[in-house]
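Both complexes below contain chain A, partnered by chain B and then by chain C.
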Partner chain A sequence: MWRRASLYIYALAAVIYLTLPFAWVAAVSFMPEREVTQQRWWPEEPTIGNYSLYFDVEGQSADVGAAIARQFPRAIVNSLIIGTAVMLLNLTCGSLAAYALARLPFRGNLLLLLFYLGSRSVPGVAIMIPMYLLMRSYGLLDTHLSVILSHTTFTLPFTIWILKGYFQTVPLDLERAARVDGCTPLGALVRVFLPVTTPGLVAVGIFAFIASWGEFLFALLFTTTIASRPVTVLASDFAQELQVPFTVIAAGGVLVILLPLVLSFLFQRLIIQGIGGSVTG
Partner chain B sequence: MARVRLKNLTKHFGDVVAVDNVTLDIADREFLTLLGPSGCGKTTLLNMIAGLESPTAGEVWFDDRNVTAVPPERRDIAMVFQTYALYPHMSVFDNVAFGLKMRGVPAEDRKRLVLAASKTMEIEHLLDRKPRALSGGQRQRVALARAIVRDPGVFLLDEPLSNLDAQLRVVMRTELKRLHGELEMTFVYVTHDQAESLILADRIVVMQDGQIQQIGTPESIYDCPANTFVAGFVGSPPINLLRGTLEQSAEGAWRVVGEGYACGVPVSMIERMKPPEGREVFLGVRAEDIGIGEATSSIEPDAAAGNFDPTGVRAKVVVREPMGSDLYLTVDVGGTNVKVRTRPENLLDRGDNVGLYFDPGKIHLFNGESGESLISES
Partner chain C sequence: MTVLRPSLFMSRTRDLLPLLLNLPAVILLLAFIAYPIGISFWMSLHRYNLRRPDQVYFHGLENYATILASSEFWNALWISLYFTFMAVLLVIVIAMAIALLLHESFRGRGVVRALLLIPWAIPGVVNGLMWVGLLGDYGAFNAMLEDTVAAVNYLFGINIVYTGMASPFVALNAAIGAHVWRSVPFACIIFLAAIQAIPTEQYRAARVDGATSWNRFRFITLPWLYHAVLVVAIFETMNGFRAFDLIYALTGGGPGDATHVIAWQTYKEAFARLDFGGANAYSYLITLITMTLAIIYIRLLYRRGLVQG
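Up next, the complex of A and B:
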């Protein structure tokens, strides 16, 4: 009984610890500017005025930070393009690699897996300059592709590891049954294996998307204009402009968080199944 | 309808020889079981018939067609797996219909065939459910329906009953036998359960270490095992094997003598015997072929040369195991444990000394070194 209660207390503490900063940002985004200086926890006169800057399509506003805020929709589209491409690359390359590692015995497969894992331990800063030179020499600076490629390099190893483990829980007999039922090897993969592993694929796809969405270092390094700039980098521009109201910055923060949050809630069940579950025939 | 022939089939996994030069002719509509302990190569053999494994050497023929290089989807087979392997993302109906769909059967016919197969397997009320909502026995029925719906020439079953509990296994065993009678297909059935094999099969193939040890009807496998492995593997409890020496008395009568026992060998058996290489033999006798005589006061051997009871066995009871309709006694005969089946009324208990009698007509003699049977099948 006491054990159970302490478990709940611990879980509750963790939830508060994790959500409090977000909750406060969300609360601030609905406050009039003067309420922030009064150190309020909750908006007393809630307003959506802070958000209006971000949807000021005609560009009328001359408020501080308005120039940056006006670029937000475009930056969100950039982030969406980059995140979706990273997700698709992870799913196609990742599932094929993981399938091979899970199903086909070949020389050096363990070494390859360890290499993937090892590549995760290299800090981004360490390869920042070589990466920059590489992108410059291929003429990829300030393109979506440069950010997509760099994000894929650090999300793919994780994807392969998770998917390999997940694929190994699929009974081999399922594919064999599909073969006997008349499928070609590729047909068995498409009609039986992939549908069965949907939770795992959705989970790693969303992880890859969110990782890309939240990445800052490489995105900052490779992008210079709004043509390719993702929303995380744009949001940091507020720091360079003096006296942007904190409430406006908070509204921007909420807009950045919103999409990954919605995705996580929508696919919650599949993500949990994909990471913690297994497939049984 | 198909006759299956395997010609010198061999499968290596790296250095491991899983199936070693197997040649086998399976008749059309026969119920054949591949019986052996786990790792004996029986499932690999089945997978090669299915086309799921390609042989290292040898050929597989269906009727007059060499299918060795034909992939499973283009062989006329159906298979039931130990794990059932139902597609978890499809309803029972779609599971059963999947094979038909893959073969381009029109939707109307599909529905009709699925309903017919479901009726045979009594799963009509489950068609809308997902596999995870079914019990083990129901899943097994769905797996069987999925296999029979296509009316394949060859029906392959890989330990289909081993995941079921004991009661359900008995029910499904009967069901399978009924199914074979109705369907007129060739059944190849892999199992490690000798009882299943004896009950279901027209013929049994006993395998060990990738090699066929014996092929025969259940009766011939049970009554005339080809070697000590088959004798020990088929039958429950396993056959009793005792070391002994083959001797001929002054009058010309043959007997086997070992620690604590002597047993006469009938003339008819001597006539069918291959000339033994040495005099050392294994005497095999099943629990039900041992008679229990008078309780005796000691087990001291009094069978001095020239003065012995030709069928005398002296034993001491070690364990008493009542099994309802039968009573099994484990007795010590000259240091070897021997199982004896008797009536449950028998009052013998641990520590009692007893005289036994091996039925000479039912004994088996094996070469003391190779373990091969000394008696040629008549």
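Up next, the complex of A and C:
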């Protein structure tokens, strides 16, 4: 009896820890500005006024922060384009490499594995200047492509690592059967292997998308105008402007978080299996 | 864990095909990681300030000498080491606590597991902005901290003045807290998967032998989690050293230089002072530090025979 009760108290503490910071910000995003200064936990007179700034594309409002808020829809589209491309590149390059590492014995596989692990351990700040100069010399600054390429390179080693672990859990008999039936190794990969490993691939894809959606440093360096700026970079402008009311910032924060949050709830099981499988697999 | 060695695929294309399959990934990583790292080293040996583009010349290790002699570098390095050490420690402890909870069966476990992904899904910049609000003058957490300090002062008859984010101590530890909050879910999922892989017979046997729950945790759970703890430690060490977006949004490096982590210092060197030579030397030093740590961790993994080629 006491054990049960303490378990629920423990669970409650975990829930409070995990949700309280975001819950407060979400509540503030529905408060009129004066309620925040009263240190409320719940909006007394809920309003969607903070959100309407973000959908005021015509640009009538002269409120502080409205100029940033107005660009949000465009920036969200930019983030969508970049995230989707990063996801697709990760899936194609990642699954091919991981398949070879998990299944085909070859000389140099250890070297490759170390190369992937090593490139994952390079911090973004360490290569930001050469990357910046590289993108500048190819005329790629302020394009989606520059951000896509940089996001792909820093997510790819992780994708390969997870997929390799995941692929190794698939029973070998499946491919054996396919090979006996006359499939080439590549044919076995496409016809037998990929369908079985779809959950892992979805998890890794969502993972890459969310990582790209949240990345900041390279996006900040490479993009200068709303033609390519993703939503995280736009949101960071709030940190530079001092007078923006926190209610407005909170609404923007909720808008940025919404898509990754929905995705992670929808694919919860797959994401948890995917990350978990990378270690135990 | 068994290593799969399918003799089935042994053929003349044995070595060629796997290399071909790796080619796209390798090309991308060579072009956008290995090549920049090389260039970065080369530039770090030059005097190269964008404000004086006419004066670019080779001057050996002078940038490194300047950095190693500067107090800014050592300050940033110590802050980063403190930040990373605390972050790794806290993430492991909190994530382990939640993972052990999620391993128990109770009503509502599914809900807790779904909520676990909330901090993970939040981008670093937005996390920073969130905590600006939470710890700001009207923030919910600021109010709690104020009340706590007031209570401590009252209880012990002392007089600590709480100045919120204007205090270097509060700012640095708040940044760590915000960073940890966002990093816990990932580590927790890894721990949970590792816990679930432990054979239940071992617990049953231990219970028959009359082992206490602490001893069951100490002698069964922990040894089985060694691998998972190391993996989390690797990821979190790297994440700690590259913390940038959170700092950018939450403290901007301040107050003073209290949260000048090494990533922030490098960014400032490059894009505020426009000293590309010096900044590259900085980034090279960061790379060396993280690489060294990574190699130590990987060697630890290999010694246990837990990573296979």
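Just so we're on the same page, the second predicted complex is superposed on the first by the 247 of 281 C-alpha atoms of A that agree within 3 Å, B and C clash if a C-alpha of one lies under 4 Å from a C-alpha of the other, contacts with A are read in each partner's own complex, and residues count from 1 in each chain.
Basically, a residue touches a chain if its C-beta (ideal position, glycine included) is under 8 Å from a C-beta of that chain, and two chains touch if they have at least 3 such contacts.
Nothing here was measured: the structure is a model prediction, and the numbers come from that model.
Student: Is A:Arg179 touching the first partner chain B, the second partner chain C, both, or neither of them?
Tutor: both
Student: Classify the contacts of A:Ile272 with the two partner chains as first (chain B alone), second (chain C alone), both, or neither.
Tutor: The second partner, chain C, only.
Student: In the overlay, answer first, second, both or neither for which of chain B and chain C A:Gly187 touches.
Tutor: first
Student: Answer with first, second, both or neither: which of chain B and chain C does A:Gly65 touch in the superposed model?
Tutor: After superposing on A, A:Gly65 lies clear of both chain B and chain C.
Student: Going by the contact rule set out at the top, does A:Pro245 touch chain B (first), chain C (second), both, or neither?
Tutor: In the superposition, A:Pro245 touches no partner, neither chain B nor chain C.
Student: Output check: A:Met131 vs chain B and chain C. Expected answer is one of first, second, both, neither. What do you get?
Tutor: After superposing on A, A:Met131 lies in contact with chain C but is clear of chain B.
Student: Quick check for you: in the superposed arrangement, does A:Pro195 touch first (chain B), second (chain C), both or neither?
Tutor: first
Student: Mind working out whether A:Tyr99 is in touch with chain B, chain C, both or neither, as first, second, both or neither?
Tutor: second
Student: Once the two complexes are aligned on chain A, which partner has more residues of chain A within touching range, chain B or chain C?
Tutor: Here the partner covering more residues of chain A is C.
Student: Where on chain A do the contacts with chain B and the contacts with chain C coincide?
Tutor: Shared contact residues on chain A (touching chain B in one complex, chain C in the other): 176, 179, 279-280.
Student: In the complex of these two chains, what residues of chain B are touching chain A?
Tutor: 47, 50-52, 71-73, 77-79, 81-89, 98-99, 102-103, 131-132, 146
Student: Using the touch rule from the top, collect the residues of chain C that touch chain A in their complex.
Tutor: 4-6, 8-10, 13-15, 17-19, 21-22, 24-26, 28-29, 32-37, 39-40, 43, 94, 97-98, 101, 104, 106, 108-109, 111-126, 128-134, 136, 138, 140-141, 143, 181, 184-186, 189-190, 192-194, 196-197, 227-228, 231, 238, 241-242, 244-245, 248-249, 252, 262-263, 266-267, 270-271, 276, 279-280, 283-284, 286-287, 290-291, 294, 298, 309
Student: Can you tell me which positions in chain A touch chain B when the two form their complex?
Tutor: 171, 173-174, 176-184, 187, 192, 195-196, 198, 279-281
Student: If we count contacts the way the header does, which residues on chain A are in touch with chain C in the complex?
Tutor: 4, 7-8, 10-11, 14-15, 17-22, 24-25, 28, 36-39, 41, 89, 92-94, 96-97, 99-110, 112-131, 133-134, 149-150, 152-154, 156-157, 160, 168, 172, 175-176, 179, 185-186, 210, 213-217, 220-221, 232-233, 235-236, 238-239, 246, 249-250, 252-253, 256-257, 260-261, 263-265, 268, 271-273, 275-280
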